[in-house]
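Please go over the structures that come below.
The two complexes that follow have subunit A in common; it is paired with subunit B in the first and with subunit C in the second.
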Partner chain A sequence: MALLPFTLPFAELEVGNHLYWQIGNLNLHGQVFLSSWILIGALLALVLVGTRKLDRDPRGVQNLLEFLWDYLRDLARDQIGEKYYREWLPFIGTLFLFIFVSNWGGALIPWKVFELPEGELGAPTADINTTVAMALLVSLAYFYAGLSKKGLRFFELYVEPTPIMLPFKIIEEFTKPLSLSFRLFGNILADELAVGVLVYLVPLIVPLPVMLLGLFTSAIQALIFATLAAFYIGEGLHEHH
Partner chain B sequence: MDSITSAASVVAAGLAVGLAAIGPGIGQGSASQGAVEGIARQPEAEGKIRGTLLLSLAFMESLTIYGLVVALVLLFANPFA
Partner chain C sequence: MTWLLLAEAAVPEGGLFDLDATLPLMAVQVVLLTFLLNSLFFRPVGKVVEDREGYISTSLADAKQKLEQVQRLEAELTEQLRGARQAAQAAILEAEQEVDNLYREAIATTEADANRTREQARREIEAQREQAQSQLMGKVDEFSTKIIQRLLAVS
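On to the complex of A and B.
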């Protein structure tokens, strides 16, 4: 995209350029895989370092991890309920940590240092495929949770409180993953684009507040995705009546 | 892309974000109003109110983001080009 007659060395706006890996008939977006592998590696390393030598009085990384665990446990327990939250804590926690680390990693790590033949590295969650995959996983988890715990009585959910709600509930099954994935994708891409445009126009200082706002909203988006996933799973289990 | 299509896409992209911003703007305004009133009445509940407010603001925000996604699709991945 060339808006100006000259090019600044700091930023280019790239949307829809990908590093394609071809496997059979499939075109994979390579840069998404690369950046998510790097971020997953960093997250795994942090967790392994933090849990290798457990102290009774947590210090340093272990303290951070215990704080995160407490936070995620409260989140899952509030939405899913005392009875079943433990089974779903790993899923919710993984979603939250992956999205959070992806969003912040995409914003904080200077990806421009790594040269790719095409496309550029960035937050994996700024690619629609990542978010759609996660949203469909949430849908699967929701059906699995409901069907395994309730059997066919799971479908009572659709006619509660009145059977008039049936069509809306069925449509909701499709809009849930749609809105989950678009919300995350749109927010992260919008942050990246807003920062990109500002850096393009004024490379110094001016983009900083927008970058901070981006960090804030991307943390909130991770929280929202995890909360909604937990809420949907809790809804599928519908314990509360 | 012929010029009519590109002109229509650019106009539609602008309209998509602009129109999608109206409703959530009003909604966020009234949500913040309610939160401020709640905090003024009960300052000790500030933490809880702030958490709920942020979450609901992000939900409203995402409605505008849907408009933005439509605009981005029209600009960068136009299916009619």
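On to the complex of A and C.
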């Protein structure tokens, strides 16, 4: 961005610029892995600190972890149902926690402090690879849940309530991961860009409302992704009569 | 855009929608994280929370049972208390009646005693008066004969 004659230290915009790691002839987006490792490390550290001494009378971080667990259990139970939610709670919960930590970490940690030779650190969820990976995992989980519980009768879902629905249901299998991944990717990237542009134009105070809004949408996006994932899995497990 | 300038032979062009090996690796990473969080977070915390829920529900049932017991005992005791009160009332009534009876009896005997004593006294007085009267009459007779003799002697 060399449009302006000067550049502010923390206000540069880069889009689609990646720190490439090459393993054999595979290309990896290094900045995505770096930031995701930092964030996963922080998440695991929180979990380890909180579960170090679990007690019937919770104190300190254990309260937070129990609140999270309760919240995620309610989310999974509401969407999947009392019967099967236990098996899927870790997956749904991990999706929520990873996306939430990624979104908020991307917004709250001053990543620009760390200089990379190429690209920039940021929310791992602002990279299409991450969101597509998770969306495909959700699709896999959905098929696995349905096929393992109902066998081939799982495919009856496609002709419920009438066979006319068949083409729509098949298209749906492609639109589900597409919409899941692009919703998350688009929201987080758009938020980062909006904040970036505002910081670039007016570095003080003015970006704050947008940053707060970004935090809000980030949390909502994590909730939406986890809820939809749970809903899809619940749909795959649902017994039709 | 800067990334256009930096594009070299070996390094891919990049871009917003650059899908590459990051995707499967990220998927593997998320799956690993799921297993890790399952054993570090979901299972232990779930166990603690569900244990506590069980503890609370059993304690609640226990407390309910105890409350029922207490209420039953309370009702029983109230019943007993009412019986005791009634017995006390009856005892008081009986005692009052007895006292009343005794009082009346005592008054009656005393009155009878007094009457008898009075009657006796009256009778004694009567007898003495009669005696006195008869004595007096004797004396009068004596005097009158004496007076008559004197008068006869004189004349």
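One rule holds in what follows: the second predicted complex is superposed on the first by the 238 of 241 C-alpha atoms of A that agree within 3 Å, B and C clash if a C-alpha of one lies under 4 Å from a C-alpha of the other, contacts with A are read in each partner's own complex, and residues count from 1 in each chain.
In this text, a contact is a pair of C-beta atoms (placed from the backbone, for glycine too) under 8 Å apart; a residue touches a chain by one contact, two chains touch by 3 or more.
Because the structure is a prediction, the values reported are computed rather than measured.
A.B. asks: So, on subunit A, is it clash or fit between subunit B and subunit C?
C.D. replies: fit
A.B. asks: Looking at the overlay, does A:Arg183 come into contact with subunit B only (first), subunit C only (second), both, or neither?
C.D. replies: Only subunit B; A:Arg183 stays clear of subunit C.
A.B. asks: Could you tell me if A:Ile220 is touching subunit B, subunit C, both of them or neither one (first, second, both, neither)?
C.D. replies: first
A.B. asks: Classify the contacts of A:Pro90 with the two partner chains as first (subunit B alone), second (subunit C alone), both, or neither.
C.D. replies: second
A.B. asks: Between subunit B and subunit C, which makes contact with more of the residues in subunit A?
C.D. replies: C
A.B. asks: Where does A:Phe231 make contact in the superposed view: on subunit B (first), on subunit C (second), on both, or on neither?
C.D. replies: neither
A.B. asks: After the superposition on chain A, what is the angle at the C-alpha centre of subunit A formed with the C-alpha centres of subunit B and subunit C, rounded to the nearest 10 degrees?
C.D. replies: Once the two structures are overlaid, it is 100 degrees.
A.B. asks: Is A:Tyr71 in contact with subunit B, with subunit C, with both, or with neither (first, second, both, neither)?
C.D. replies: neither
A.B. asks: Does subunit B (first) or subunit C (second) touch A:Tyr158, or do both, or does neither?
C.D. replies: After superposition on chain A, A:Tyr158 lies in contact with neither partner.
A.B. asks: After the superposition, what is the least C-alpha distance between subunit B and subunit C in whole angstrom?
C.D. replies: Minimum over all C-alpha pairs of subunit B and subunit C: 5 Å.
A.B. asks: I'd like to check the shared interface: which positions of subunit A are touched by both subunit B and subunit C across the two complexes?
C.D. replies: 15-16, 189
A.B. asks: Any idea which subunit A residues touch subunit B in the complex?
C.D. replies: Per the stated touch rule, the residues are 15-16, 179, 182-183, 185-187, 189-190, 193, 217, 220-221, 223-224, 227.
A.B. asks: So in the complex, the part of subunit A that touches subunit C is made up of which residues?
C.D. replies: Answer in residue numbers: 1, 14-18, 20, 22-23, 26-29, 32-33, 36, 40, 43-44, 47-48, 50-51, 54-56, 58, 62, 65-66, 69-70, 73, 89-91, 93-95, 97-98, 118-119, 124, 127-130, 132-134, 136-137, 189.
A.B. asks: List the residues on subunit C that touch subunit A in their complex, please.
C.D. replies: 1-3, 6, 10-12, 14-27, 29-31, 33-38, 40-46, 48-49, 51-52, 55
A.B. asks: Going by the contact rule set out above, which residues of subunit B touch subunit A in the complex?
C.D. replies: It comes out as residues 54-55, 58-59, 61-62, 65-66, 68-69, 72, 75-77.
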